[in-house]
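The structures considered in this document are given below.
In the two complexes that follow, subunit A is the common piece, with subunit B as its partner first and subunit C second.
Up next is the complex of A and B:
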């Protein structure tokens, strides 16, 4: 019953995104250089501590004591109590220190799923004024400035400027999980020491968008993760198949 | 790796005038082959290795057996001053640029822990050029923020090696300061010297121009164009000057472990007033003698050694010289000893200021409004003085007799405030007499300083070093600046 209510509440804050065409930085094959992404629904904001606390209340197994298989020991580590955020974080700030398993479980509980990498990148390519700002130097400079600065002690609340799709906080607040975070099969040494031309020379050989350093950094972050990883500046938002 | 030790090789090349004496054959001295080193097994319990911040170097290794060493290196993204009033977010191995100095012995087994601080934004890894294996450890050390990776290696080849982050975009990680040095000593160690220091060069790319104040973001486009805003020793301008200058005493032999993190520029490393007695070129096993300037590649190193014979201040530079005078690549070695007139550095610095004067037409940036108390002006001026003025006039304001005029008790300074303002704003060259001594130097115009800053510096110097004067106001500075003809385009 509560899950249904949550789903209803969440449904109010999602917007249609796409359809679009996702261009992976390292297409697995020439045929997959441009991947059509059907229209889908994406949460306007990342999941907050308050929302995640309601989920934990309904599903106590997802409190801090969750089986270590599903989340490393940093899971919800910044919450005051194992099952409640308390005063140590802002209720409206994005929940972080959640594993991929946990993020999936949350999205399932509200009737959704994690966005795919392609979906996220299409939503994240938009600035406030343009559907595709990947070549806008001002947009890129803003992203790089955020990527280049450490995470603040206390994460601020969600509610940044909406982009052209109406989605907020894709950049500038936290990194976000995607369903297929490790699908790019990026070599963990980005220079392709094994002769794989994936990330060679800091992301040049074989890459399609050499100037899109922001995309490389997201790819690098995703590649550094395991499904049980929790990170202080990594949150998530949910998606749904499109209308 | 050559199987020849240093001494036999020199004899072979005919460099040694007489056949070198054979070392006592009790224990092996000099480099082993990598194959020999690979067979060595650690002796004794694992040891936590001490690693040091630049310019310090861990002490020489006295062990004559290989050991198992545990290294913990923490990656931290930190906001630091790279120049006076200029902040930059540096990504560091250990909290500073360059990263911690690591010193091991050939054949040592190293258990390496890379710890990525939870507050960091980025995943990071480490490629140690001293590691034999794919990626130099990069693949095995790729670590998300708030996580830790462990890998192990054996140090097979002796030499001075660079380590750096190799996470995409690699160039940006290096440009933000992710590099350091690891020394692998041959068994028996390096020849004994009196002082060892760690100096590492790196180029930085900021959105603002050189010395533009405030927090400066990384400029990817400038990095791609290899158009450096700063070229720095040990991560900041002024890291090796004033109180932080390297020191030695007359008659001592100094060894510098010199690295270059890049990401782009190759260094023409030179010490003004010294000749390197020995340079282990590119950080390898053989040395060249009597070298003036040595090339240090990006991602490479050199070991330089020299005996200091005369007291004075010796200036470390990248002799691609605009980098020194207009991008910050300047350090100092202060040598103390029996009284002797220091002449070498004086002449070289004269050259400096001509270069600086020619290029410095940056417009002054107006500061925020408000009036400081005299004490606050003195305090603010003192900070600026330490970074900009003390290089020549010295921290105690006494200057260097015959080269840089004193400010302490200076009749020239205290006699005419407007003239003093003019000197700071417009520079000055040619003969002057200060306290009865003649000087003939060049001071460049400090055109990167705004009116408030000039006023604060002058209030500081006229009320320090035993001087007692009044307050110099921004208004006075503005008036002097306005009455000076400036080249077209210099003020806008």
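Up next is the complex of A and C:
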């Protein structure tokens, strides 16, 4: 029953994004400089404490007592009880301190999945008025101002301005998990006989958007994460293959 | 970070995972890397046994990710069409096993899991078993395509499929005890001595 409600809510609150082309900040090989991203569906908002609490109620194994493999000791530790948020967090604020496994399990439970890094970056490149604001100094300044501010002790509720795709709160509230968070910064096999010069030279110097310091920070965050990591300003939203 | 990339290219060793470059820029966002740069992954002592990803082995039989049999197990990931790193990985583990006293060798199991389900049916896995003369202590297995990243995450393996169809991946070895608890982990040469030491000690003690 709860699962049905969650699934229904999620079905109503997602929008099509893309198609687009994801340009990784540090393309590890020339073939990976421009990655086509097919059209997909993305949740308008990150998953909230209230929604995540309903998931835990339905799946008690995902309460704070979850197996160590799936989440570190910080899992849901801002909730008042091991399986309920209580009054210590806002119901409509994004759930945070959830691991990649937990985020993935939630999305599977509503018939979705986590967005890939490329998908998230396509969605996150848009401002309120432009599909691609990566070079817009005002947009970048806002992102960097947020990246530089401390996380409030109690996170505010979702409901920010919709970007050009109709997606809200991709920036300014919490960072978000992506499915392939552990795919970047893996070097191509350096023993590759034909590839060495290409990968060692061009791929490294050719950061595609030097001005996009914000993208660098997201890359750095993802590279620092493990699948069991829980962080107090890292949440997630779900995606689905395109219409 | 640029320096790191150049280093990775200049040193003729398997790809080594870059350490988190995050600390100076995203103090609020990043979990602070409290431990020194040891191979990343589950803390030692935590158990992999609960990972509920179903596998199919090289004989075509269903197999749980972890099977409690009392022996020490080395886990790693590979793919059958991998030109260089994966054959080296296999030889490396064979050498490690050979370095154990013969009586202890039977207490060691090796489980290699494919990151390429689309091209690695059981027959392809069986081909590798034959080609490398792997004995019954080895199990090659493949997860469902949408569960590969869960296996990789549990084992601390970072990987990415390349447009050419191959993979860029780290060569992480994880040793677990008879109950699936992580004994040690190595990533290329990082943590390698500790891994060998832990395996020797545990195999001899069991």
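Structure notes:
The definition used in the following text is that the second predicted complex is superposed on the first by the 219 of 243 C-alpha atoms of A that agree within 3 Å, B and C clash if a C-alpha of one lies under 4 Å from a C-alpha of the other, contacts with A are read in each partner's own complex, and residues count from 1 in each chain.
Note that in this section a contact is a pair of C-beta atoms (placed from the backbone, for glycine too) under 8 Å apart; a residue touches a chain by one contact, two chains touch by 3 or more.
Everything quoted here is computed from the prediction, not taken from an experiment.
With both structures placed on the common chain, the touch criterion links A:180 to subunit C but leaves subunit B unconnected. Contacts of A:21 after superposition on the shared chain: neither subunit B nor subunit C is touched.
Residue contacts after overlaying the shared chain place A:67 against subunit C, while subunit B stays out of touching range. Once the two complexes are laid over each other on the shared chain, residue contacts for A:225 go to subunit B and to subunit C alike.
After overlaying the two complexes on the shared chain, residue contacts for A:100 are found with subunit C alone; subunit B is out of touch.
Of the two partner chains placed by superposition, A:81 touches none, neither subunit B nor subunit C.
After overlaying the two complexes on the shared chain, residue contacts for A:145 are found with subunit B alone; subunit C is out of touch.
Shared-chain residue A:32: touches subunit C; no touch with subunit B.
Of the two partners subunit B and subunit C, more subunit A residues are in touch with C. On subunit A, the patch touched by subunit B and the patch touched by subunit C overlap at residues 147, 149-151, 187-191, 199, 203, 216-217, 220-221, 223-225, 229-231, 233-234. Residue ranges of subunit C in contact with subunit A, taken from their complex: 1-2, 5-6, 8-18, 20-22, 25-26, 28-31, 33, 40-43, 46-48, 50-51, 83-85, 149-150, 152-154, 156-160, 162-164, 166, 168-170. Across the interface of their complex, subunit C is touched by residues 26, 28-29, 31-32, 67-70, 100-101, 104, 147, 149-151, 175, 179-180, 182-192, 196, 199-200, 203-205, 216-217, 220-221, 223-231, 233-234 of subunit A. Here subunit B touches subunit A in the complex through residues 77-79, 89, 118-123, 125, 127, 134-135, 138-139, 142-147, 166-172, 176, 207, 217-218, 220-221, going by the rule given at the top. Residue ranges of subunit A in contact with subunit B, taken from their complex: 72, 74, 137, 140-141, 144-151, 153, 187-191, 193-194, 199, 201-203, 213, 216-217, 219-221, 223-225, 229-234.
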